[in-house]
Amino acid sequence: MLTPRENLRITQVGPGTPMGNVMRCYWQPLLLAEELGEADGAPVRVRLLGEDLIAFCGTDGAVGLVDAYCPHRRAPLFFGRNEERGLRCVYHGWKFDRSGACVDMPSEPPDSLFKSKVTVTAYPTWEGGGLVWAYLGPRESRPPPPAFDFVRVPPTHRNVVKMLQENNWLQGLEGAIDSVHSGFLHNDDLREKSQLRNAPARVEFERTAHGLAGAAIHALGDGRNYVRAFTYIMPTHSLRVRTLGRTGAPEEIPTISGQIWVPIDDRTSWLYNYMYATRPDRPLNVAFVDARNALYGRGPDDFGAGYRLKRSRENDYMIDRELQRTRSFSGIKGMNTQDIALQECMGPVLDRSKEHLAHSDRVIIALRKALLEAADTVERGERPGAADPADYAGVRLTDVLVDERVDWADALREGVLR
Amino acid sequence: MLTPRENLRITQVGPGTPMGNVMRCYWQPLLLAEELGEADGAPVRVRLLGEDLIAFCGTDGAVGLVDAYCPHRRAPLFFGRNEERGLRCVYHGWKFDRSGACVDMPSEPPDSLFKSKVTVTAYPTWEGGGLVWAYLGPRESRPPPPAFDFVRVPPTHRNVVKMLQENNWLQGLEGAIDSVHSGFLHNDDLREKSQLRNAPARVEFERTAHGLAGAAIHALGDGRNYVRAFTYIMPTHSLRVRTLGRTGAPEEIPTISGQIWVPIDDRTSWLYNYMYATRPDRPLNVAFVDARNALYGRGPDDFGAGYRLKRSRENDYMIDRELQRTRSFSGIKGMNTQDIALQECMGPVLDRSKEHLAHSDRVIIALRKALLEAADTVERGERPGAADPADYAGVRLTDVLVDERVDWADALREGVLR
Amino acid sequence: MLTPRENLRITQVGPGTPMGNVMRCYWQPLLLAEELGEADGAPVRVRLLGEDLIAFCGTDGAVGLVDAYCPHRRAPLFFGRNEERGLRCVYHGWKFDRSGACVDMPSEPPDSLFKSKVTVTAYPTWEGGGLVWAYLGPRESRPPPPAFDFVRVPPTHRNVVKMLQENNWLQGLEGAIDSVHSGFLHNDDLREKSQLRNAPARVEFERTAHGLAGAAIHALGDGRNYVRAFTYIMPTHSLRVRTLGRTGAPEEIPTISGQIWVPIDDRTSWLYNYMYATRPDRPLNVAFVDARNALYGRGPDDFGAGYRLKRSRENDYMIDRELQRTRSFSGIKGMNTQDIALQECMGPVLDRSKEHLAHSDRVIIALRKALLEAADTVERGERPGAADPADYAGVRLTDVLVDERVDWADALREGVLR
């Protein structure tokens, strides 16, 4: 439970807000690389951390990212001409390059010096992991580019699905690190005798340089525990693993899954769901990816326009009450949809002053503590955790079957990804 | 005419507002009983007095009414499982019974005492008159259930039509107790030589324990008056009678009509229109009900989705200017539609500081006075009129043809409903 | 660049605002005469300077203009009966004439004096130039009716096209007096070797009693200048001329074009585009008008409902990126659409504190200065420029081909409209 003031402090991401300043210490996913089209193609509107921006793919294929409005008379640069060396405003022909410099000002006398005095706000971009990333923070403290594993594997080993979620980013993220809800909300087969398959017996975790590391520990009832690692990487990344089935037999293709909640603004988010294959010799195959995405309700047929699921607030996420009565805990199809249904209908910004947190919410409490401390850290002029990729670059997730007397952290240290 | 401050005081109904506190002294219609479906059926969203709630029909058929959000992490209970003994949140499986107690908390350790410390806001309900009623006030001052006549007659004698009205409740109610407008707005036959049929010669009334009682007195021009009673019952009920035609011949089926404006919030209302037959041996018949509802523009074909009339603001209530020119004062079909057209287009909350009230508005002034006094009464910790059904349970409406020298109150005392 | 406070001062037009008071010194276009229909026809909703009004065409054909709400109980007069001598509210039958006097109050006792005490807000109207004009200012300072040339020519010599623009009026007006943008935004043929056809070599202007007068001077490169006059008439009128082509040969039909941005409220405007033929013996012909309107993207097929262009924000004004790449600077069809696209997407009220104005913006700076000074003038209780039509009635626009050493003002003085 937070005070209303803390709730604002932890959720708001606009320019100048405490958490907005935290977010601006990191590279943030801007859009899918495929959204930008070809070199010199049409500019694309993007909203990130409450800022309206225009992305454009330059002649050399590098991505420019500038304020959505021309500094001259605030005409919309969306209509601009993406020409060699930059983006030209169609109102009076002013042209800006990727660095924000004005490189042409044809409406002024040729001898004018005004051109050298005008710049447009511009942010650096970086492409990796099928995404274009942007850094919206102060130029002098720009960190090295992201070093997530999924960014470094070849495209054959990776799948990314983008999704609009119409609520504050933190609601989504809190769901992702909350292992406990899976056994309830995502229980799609009530007829199974045991819910063990999903619901952990307990959750353990610890603070790390990059955020949180922990495990969901499932007691199998035969003297063994199934220990599954999860990790939170500051500020918006959640990772989970499944390389083993319950029996201890490795699944066909060992994968790690991640989710990133990128704040569009305080009330809407992009959710990037990704998975990647951890063994260099075992790329993802189409059938596996399709089956996984279908299970999560994020197959190609599940989407309407604008990366928005067809199961949406307007149709109550197509809840099937008969299915809910007889077979599925939620009656809603697809695990992503189940999360989004609950989180969107909490309201655009959850009022955390009205919660009643319990023992099982300790991870959520730790997440909030880490974020509020990061806000303090940034206010002191220091770097928050994981702003430097070195903080998380070595993180590996694993799962193991071990004797129930073994400590979870020891167990995970021994489990090595194949 | 009210000051802007008085206008807020008399119209706002949210928790903690003066009129909201008045409204919370009474049982309020929550929804039609038929809206809830079968036992253990799907939960239903309801908004009442600015509060978002979930209604559910329990295993025993009794109706539960709880906060729309789980007290744990504010997940929407609309998606909840309506199971034996209560409603279970699908996020983490917490379950609440009708009293608001948490009866299961499976996400916590079995020995946790937290369950006994958590409750969800829950309100009592009562079923009667084809409606489910709810009481949103303090538990200790809960009044006996409603004792309106229409609640007590058998279903064969009663008809209720629910209607969405997109403006503050008081605008609707003020129209209902304003007998004078009928002769204008509801005059659907300009060719009649006399408008006597509708417009009263004068309106008389007096304050009562339950609100207001009065009569519209129509001078017939032959030495006789046609005296029709009307009554206002605190805080949102209006009743009218027609048992006689103008000739003195009783209509086929003597009925009393009522209207209740239930505040959804400050800007939208449910209007419940009901009529009931007053003679135990004469139930309503289908043809009569259909004709009456058609006349008022509230037949089955008049509605779109969500109890909203098809004649609406977007289509100017289908006003027919040629009809208005030649035959109908308003050019709008249906008396309910005529009222709703004017009242919705006054704006969501009428600005009563800009009015110019006249002699004919004395009933409206008295209504406002009664309501503002009720707000004072409640602030003093006392009960407003009609909070106890004993205040209105004996009220009977009638109409009579009498010599024009007879006092209206005497006339009504002598008129006895058959 | 203005301060945020100056930006509010110059843009807001509601009752009591500084610029609202300026606007209320002038007759403003209310609607097209054709919108009102026949005598005693249906009343029409109008919103002007943030005020909701009802216009109605009386029995004698004169136009009444009153508050949208009856002074009695604020019922919407839109549903009113347009009867002989006035508009009758359908709620209680009160009737008002064009002057705002209550001429019938049938719901009150016959001997009531209340009728003489109640008025509805009413504004004078005047018809001219195919428009109905309204004056919303203080009765005592009402100026003579508009004396624009286009108002005085016969209908055969005039064409007016009305258009909704969803942004503050000043954004539109600033575009109209900004000659420089034409050579960029409106350059629809990139293949032309020279952009001289549109872009002026320089712009000169001076303050006048009526606002601004100036010229766009195009250097032809042969020792001659093509000098085209433009004029700004307070508070919302822009005029341009083209009687000559670049070669010096007169166009077939010499015309002057004007644009008026009428504030509906602070965030939406009506744009009236007009042209008129300047030679009494040469009326406009249909083919010429159709071609001109098509060129500007304002032909009959370009409109959806409510005078709104089909090319709109929702469809990105149907920008054609391939066309933009190969042929048209903007890729948007129609000069009006090009302007509206940019101006609407600046946001409903442009934030002028974020601009970077250059040498070429001197006319815009002068326009703002004139408007802010007018606000000061009105606050001192004096009349702003052009409130009296005598200030602008003699204004004639012309264009001339002259030796490049000739002063623009001298050149225009010599150019006489044929």
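Assorted remarks:
Should a chain be cited, it is by its letter among A, B and C, assigned in written order, with residues numbered from 1 in that chain.
In the analysis below, contacts are C-beta pairs under 8 Å (C-beta built on N, C-alpha and C of every residue); 3 or more make two chains touch, one makes a residue touch a chain.
Since the model is a prediction, treat every value here as computed from it, not as a measurement.
Different-residue interface: subunit B and subunit C share under half of the residue numbers found at their contact. When the CA atoms of subunit A are superposed on subunit C, the rotation angle comes to 120 degrees (nearest 5).
Subunit B and subunit C have Cα centroids separated by 49 Å. For subunit A, residues touching at least two other chains: there are none. By the touch criterion given at the top, residues 174, 180-181, 183-185, 316-317, 319, 321, 324-325, 329-332, 338, 341-342, 345-347, 350-351, 354-361 of subunit B touch subunit C in their complex.
Listed in rising order, the residues of subunit C touching subunit B in the complex are 40-42, 69, 71-76, 78-79, 81, 90-93, 105-109, 112, 114, 117-118.
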